[in-house]
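Here come two complexes built around chain A, the first alongside chain B, the second alongside chain C.
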Partner chain A sequence: MANVGRNTPVRKFDAIVVGAGGAGLRAALQLSEAGVKCAVLSKVFPTRSHTVAAQGGVGASLGNMGEDNWNWHMYDTVKGSDWLGDQDAIEFMVRAAPEVVIELEHFGMPFDRNEDGTIYQRPFGGHSMNFGEKPVQRSCCAADRTGHAMLHALYQRNVRANTQFFVEWMALDLIRDPSGQVLGVTALEMETGEVMVFHARATLFATGGAGRIYSSTTNAFINTGDGLGMAARAGIPLEDMEFWQFHPTGVAGAGVLITEGVRGEGGYLLNKNGERFMERYAPNLKDLASRDVVSRAMATEIKEGRGAGKEGDCVLLKLDHLGAEVIDKRLPGIREIAKKFANVDPVKDPIPVVPTVHYQMGGIPTNYHGEVVVPKNGNANSVVPGFYAAGECGCASVHGANRLGTNSLTDLLVFGKASGNSIIRYLKENPGLKDLPKDAGDRSLSRLARLESQTNGESYAEVAKDMRRTMQKHCGVFRFPDTLADGVKKIREISDRVTRTEIKDKSKVFNTARIEALELDNLIEVARATMVSADARTESRGAHDRSDHHGRDDVNWLKHTLWYKEGDRLDYKPVNLKPLTAESIEPKVRTY
Partner chain B sequence: MDVVSFNRLRWNCRRGLLENDLVLEKFLERHAESLDDVHLAALNTLLELDDNSLWSLLSGRTEYPEGSGAEIYEILALLRTC
Partner chain C sequence: MQFRVFRYDPDKDDKPYMKDYEVELEPTDQMLLDALVRIKEQDDSLSLRRSCREGVCGSDAMNINGKNGLACTTKLSELKQPVELKPLPGLPVIRDLIVDMTQFFKQYHSIKPYLVNNDPPPEKERLQSPEEREELNGLYECILCACCSTSCPSFWWNPDKFVGPAGLLHAYRFLADTRDQAAAERLDNLEDPYRLFRCHSIMNCVDVCPKGLNPTEAIGKIKTMMVKRAV
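After this line comes the complex of A and B, so read on.
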């Protein structure tokens, strides 16, 4: 028996799924329906996963509202990705999209419908017909509760298929044997504080994004990049972590979004001197310029010392001149949000806002089967046996440098299902369960032991706050060479401090301080990957926007970043410009 | 409230929607210490709701159905001030 701590119990499964959001549930369903003995671990009850926040819909070229086809969806996705997306994975996803949407309909998803009973499809930014010619309606929604409805449909279907859920369990570390094969995870049961080994032939990470590395993010508190942290500690690189999607106006300090409709109705941005600065950056469109132009201007004002607020780290969104009546009638909910989260009534005072993170394009590198791939023996995409990733924590890569709206749900359905199918195939071909390595539980047990015995350490909450501030200030929506270089130094210092965090409460049962300290171990890996990768990429592409390198540099940078935890090492691999069957979409200037 | 009950409640306040996380975090800071058993039970009833329904209630867009015990409406009123 392996030395996993004398008292560490071991449970055996065919497959383990970590995370029970859209991707994890879709994969688990595929597995359970095929008769695979599968365990799903989740920190929270599945229907409380962050997928619930998705409102935009699922992109699929059903063509219910007029002509549409997957070639056009593919073009929009490749263009959206600023040509960093892998075209084989993109073709796979857009071709599978209609099928997974119809399946979901059969699972009981209450999609909005047309009069003829087909699924109604909404227009959404960036979706076009005939390769950018004019807008197309491609987004399938369930009112404004698409994510919620999807989670419920998938969860209920899983219950029916007898998927075994381990709710309020936090996975701690990936178990790999000396050959690199993945054999499961260690996990902490919150109820008891006990650690268990989940020993399995196949392990899928569907742990979502890590938006909580930033101080201003729309991500829920649970989005701590646990899968990415576990992968990084186990020697797996993280791909394209410099690419994060931002929204220009989130409430400063909170992250809750203020709709762009506010500027559409005549609201405008001010710096600390009360200057309407967008007049300088975009004399014609001013505050109605595109998202990236507005975000860049806001970041520049803050960087150059004209930010508002105590820390000078936000700008002000003024709308009092619109009058209470217009605000209440045309912008419902905005007053409530501003009062609740910014403590201001926008009828009287401006709302402090800041560019806010909401989606992580990078993640654990996979191919379009959901298999995790790493460079090995000259092969840039060598499969790690037994290891899979899907959803926001995976990087297939279909989003490249920037995600097309509605493709996040498409991604988690398609790659959730695909990784489930890959696991089923793998299990058939690899019947025997290999023994656990001798050190299977060591990494987790020593992390826990360190937290138990740490004295004179820092509060994990303070260190986490410094990490978030550093990411926001040094690696925000618009990136400056000096702040990036400084940011790399700072995030490494904070990374050292994370190894000395202390928790005062050492109790076993539901010790949330311990859980949050363990989450910080994961966040810091993602933060370092992001900062180091962003500092190195000397071009502007998609969501990575640098003040010293305008524009894309396909000669030097048409390649994926791979960051390794050990030594903060960077490696690169080529972008796959060759689709499965379609013709390659050659890089060109991206304009809308 | 003992440490375990508080920790359990705190984890139960981890939600899928950031808006709920933020309101509940503030609520716990301000009111967790003074919660009696009846109001704790009422809070837990509200936490059983899905995130969208909970946020609709917290933001005042919807009302909790009439006919429940007074403590539910009292907790909801407190949550709305957070």
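After this line comes the complex of A and C, so read on.
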């Protein structure tokens, strides 16, 4: 049994970073190099975090391949977000992008190179020249292993900076005092089952996404929305959770990601008739339109009987015309994945692909400094003292209703660094560590005690499966009013069942059943936030497409959703259309 | 499909044992990891690490029918039954298929796995030709799964003294990088009867690497650099 005694040990730090993916490592590096006493907690060894699976590149207007500038990158991102992105945060990100990419190169990242020795950049979906005119080469990459190269480079730089890691520690709950200030987290050491309080003046969540709320996802097993669950339980709202990106090219059946870089390098999609159907849906950018647009086009082809494969339930990604040399040089990992997971060699045959859940555009609401913000006393964006979020778990919001490919890596570098800097500033201005509230560990200890003593409960694996099936069926690429309403009802029922899950394994030592049951506590909050928010938003915008409300409704819905766990309450706040210095990009019709 | 799995929970078992499982597989269960997930549905006490399920995070390395590999990229159709699964050899077992990787990472950290360049950083990227960059291919792709080091007899005997194939592959990754300025220190760090020279080119590492990398070749190149600077 886990240590559930009153005497939970406490460790004090200046700052805690929860999660050691790209955002967590970039923030940790900023903190360590500034001499901040900082602890980084991770469920897995840092290089196993899911940033490792990013393939196609990181977006930055370096202009190495031809003319490019941040204004174009900004326009593409705002348009990609279907105008739900906050333009101050977007301007901040695209302007900082070149600098953080160059820094990464200085850290040792093995970017691909041009003949002149500069970083190679490839075209990517939704990235354009001159405000939508034609594709631009903006994605800085290391073959199709950009995330792997990036995560390792960031980890290595943290080794150099002597960052203190707590590897295979799972954060359980956020600690807030009665004023709402955040004072750290409780965490479980997986190897021993011991619980400890990490007490700090600043806490950064960089816990990644929660794609595992769906049955078919490109996400890793560890992507269980732990930060979102912890925030929701502590009374923090979750923003824009109805917006989930379906990546157009997941391997049919397996769900494994095939980078958009394939289309960036010249690959394209075919239906069963061998027709390059994207020409009909996006005459200008074609296969390089935004992901929501391509995924919907694919789903439409399949729905209307033009899907490929025995069951007609996929489309084909053709790239053999690129030739073995280009494929082996630019897309070697894709060739490996296709052979292993789709049983095809893309040098000869097309890869069967389907839209697959990939990225959570919403998350813990923050401003562009990485500070968590909530509505309070009439201020829609009141800062929660001591609390920060960056990367996929945060919502600044730069991706709005649909993220552009490559902008996730840009996001985690820019906002990882920015939140590190914000914490450094905050620590200088707030020297004293406030006492822990008396009940600091109670929520976690009672969750653990409940799991220990639960009998006649349901298997956590069964309940999790039902949740995934429900999300897959009720909140997919196309959404329908009756299935949404029904989905809300079902997910609430499953939510009740989650409170009675049972584990048979009661061992202290590396009890992965316990970990999975605790993860389900987090997943279910994300699933409920998603269903409830999606059901309420009666328009179609970005990745949220409703059969009963076609098209965007800027009059009623140009606003961010805020979901609170307590009573499944919804609130809304305005989108910031005012950039920092640039001119506002006014909402208009979105075509590619 | 039949499996025999190494089980050991120090919390309750006096000693390890092999446990038999029979699992009903679905057509979508293609990889060994899919079967392990099914086994865990039957018996939630089976512990293993896993994450990306596509061979890039390096979590689910284990000994599969006597050979190290990743569960997530090992096809079930290619496995002889009963499939015998054991933890990676040569490292202490924490529980079931989970080993203590402290020693492995200690060796990785010992080679200073980061770029050293003490020149003030330029405004833009440090330039590198495509040919210079190509030198890093076959090196930077390592996922630190430890399949190689834990299949290496030299590492089994001297895990505290011999860096092992994974660490040495990374050592060469930085030696081969035109942007790195610490070649002399890196070679000094390996100039030792054990750290580098315990490699006897047995090549188990090459045989098991799930990413198709060749640590033996990298080690050979380090040895050549050692010789070159000696003359």
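Quick note on the criterion: the second predicted complex is superposed on the first by the 481 of 592 C-alpha atoms of A that agree within 3 Å, B and C clash if a C-alpha of one lies under 4 Å from a C-alpha of the other, contacts with A are read in each partner's own complex, and residues count from 1 in each chain.
The working rule: a contact is a pair of C-beta atoms (placed from the backbone, for glycine too) under 8 Å apart; a residue touches a chain by one contact, two chains touch by 3 or more.
A quick note: this is a predicted structure, and the numbers were derived from the prediction, not measured.
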### Query
Will chain C clash with chain B on chain A after the two structures are superposed, or do they fit?
clash
### Query
Residues of chain A touched: more by chain B or chain C?
C
### Which of chain B and chain C A:Glu133 touches, first, second, both or neither
neither
### Task
Check the residue A:Glu566 against both partner chains and state whether it touches chain B (first), chain C (second), both, or neither.
neither
### Message
Looking at A:Arg157 after the superposition, I want to know if it touches chain B, chain C, both of them or none. Which is it: first, second, both, neither?
### Response
second
### Task
Considering only touches as defined above, state whether A:Val52 meets chain B (first), chain C (second), both or neither.
both
### Task
Would you check which partner chain A:Ala461 touches, where first means chain B only, second means chain C only, and both and neither mean what they say?
second
### Message
Just checking: does A:Phe111 make contact with chain B only, chain C only, both, or neither of them? Give me first, second, both or neither.
### Response
second
### Message
Of the candidate stretches 61-69, 115-123, 169-177 or 223-231, which in chain C collides with chain B after aligning the structures?
### Response
61-69
### Message
Considering only the contact definition stated at the top, list the common interface residues of chain A for chain B and chain C.
### Response
44, 47-50, 52-53, 145, 148, 152, 220-222, 254, 256, 333, 336-337, 340-341, 505, 507, 509-512
### Message
Which stretch or stretches of chain A touch chain C in the complex?
### Response
44-45, 47-50, 52-53, 102-103, 105-108, 110-119, 142, 145, 148-149, 152-153, 156-157, 159-160, 191, 220-222, 253-254, 256-257, 333, 336-337, 340-341, 459-461, 503-505, 507-513
### chain B residues touching chain A - in the complex, by the definition given at the top
3-4, 7-8, 10-11, 14-23, 25, 50-52, 59-61, 82
### Query
Of all residues in chain C, which touch chain A in the complex?
9-12, 28, 30, 40-41, 43-45, 47-59, 73, 75, 94-96, 98, 101, 105, 109, 112-115, 117, 121, 123-130, 132-133, 136, 140-141, 143-144, 174, 177, 179-180
### Task
Please give the residue numbers of chain A that touch chain B in the complex, ascending.
43-44, 47-53, 145, 148, 152, 168, 190, 217-222, 254-256, 333, 336-337, 340-341, 505, 507, 509-512, 515
